[in-house]
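Here's the structure we're looking at; comments come further down.
Going in written order, the chains are labelled A, B, C and D, and every chain counts its residues from 1.
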């Protein structure tokens, strides 16, 4: 549990603002640069929005667990749900030159995080692991 | 899990700001008046500070679970730890006319919440239940 | 998020306040679509009070723009903060939308 | 929290910025005690950038005040926001501390 915090929210868009606030708080505690914090906040929001839309399909009685930690690897966010299993090979943002609604979230997640991977060993639901590598400046003083 | 969120932090003062942010977010989601949100934020901070100081005694490997929910009873915050059991009969703020450092936290907690009670049935550690009654105006629209 | 709609020189200005995310964007979409269904010629969105926008908000505006273009209407975005402008740039949408610094610039264009 | 210490007309002004809580108050306490150990006659704390204070922060100032009074020093608090003033009032400390609206008021007192 050292240097890690966990939050559980209902799979309801109403609570995304709480997730954003916690993401920003953690980014500040670990002295990430302000633009990195903004990008990470948006990316975590996008990942949780996708869980609400695709894994839980609007079933707001389900919940989402989000764990934030800072390790040697970097700033890590792990998002767990018990919804419908994603097919990672089918998750793809639209081409950015193809102007239409949707398909931006995945791009925004990949912009903020160096590692974006589903834990394939998880039996039920999904576990998405997001890691942003930190340079030496960041981290608790 | 309906209309409730949970957060787990290390028993370290560094994470109190996250708890404050989540408290404010929840207060806003449930449309509490701004001064109530400020008072509740301070009270939850004071309660968690006391867990860090007295239940965990600076052992930052321990953790604190905080659950926020809105029920018919009101806005409820439940704070769990696995630290040293409190003796509720010994928890007392100082007289406000006796000017000395300390002894304010309990007053600030009681100002914000209508119910402040330790769950005596919990075997290990403490569970503090805080309830602020809501008037009809508040709540999700 | 709150949404304020005012008339300015005969055109509506939509002013959302707060965060535009998966929770609030359906309400924004409903307002946009209501105005678009009336074949509003020029629609202005003032971003001055928008603190945050995610991809669901962006998608709402892309949808609005497509619908307006179908009848020759114009959707003008005004006063985007640097952080929000940056998301439009990253999404290559800064070239797709009409974006202005302030309301007068938008009206005189 | 950040702490800035400046000299103004021969007296130190401490300006904390941010939240004063159980995490940050030990640092504030250390700065206060360092100045008090030098028997500083008048110490000013500018609350203009303090967004939040909890009981550990209040306790720090109560301790500072007691120590300064022992040698006849004066601790002056300046520019408290209404929310923070309200906590001092609730704690009946508004009558115990010297509280001023701005720096000049504090200096001329």
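Things worth noting here:
Basically, a residue touches a chain if its C-beta (ideal position, glycine included) is under 8 Å from a C-beta of that chain, and two chains touch if they have at least 3 such contacts.
None of the values given here were measured: they were computed from a predicted structure.
Of all chains, the one whose Cα centroid sits at the greatest distance from that of chain C is D. Chain C has its Cα centroid 27 Å from the Cα centroid of chain A.
The geometric centre of chain A is 41 Å away from that of chain D, both derived from CA atoms. Counting partners per residue, chain B has 14, 17 as the residues that reach two or more other chains. Touching of two or more other chains is recorded for no residue of chain D.
Which chains touch which is summed up as A-B, A-C, B-D.
Within the complex formed with chain D, the residues of chain B that make contact are 13-14, 16-17, 20, 38, 42, 45-46, 49, 52-53, 96-97, 99-102, 104-105, 107-108, 111. By the touch criterion stated above, chain C contacts chain A in their complex at residues 19, 21-23, 52, 54-56, 58-60, 62-63, 66, 83, 87, 90-93, 96. Listed in rising order, the residues of chain A touching chain B in the complex are 1-10, 14-15, 17-18, 21-22, 24-26, 28-29, 60-61, 63, 140.
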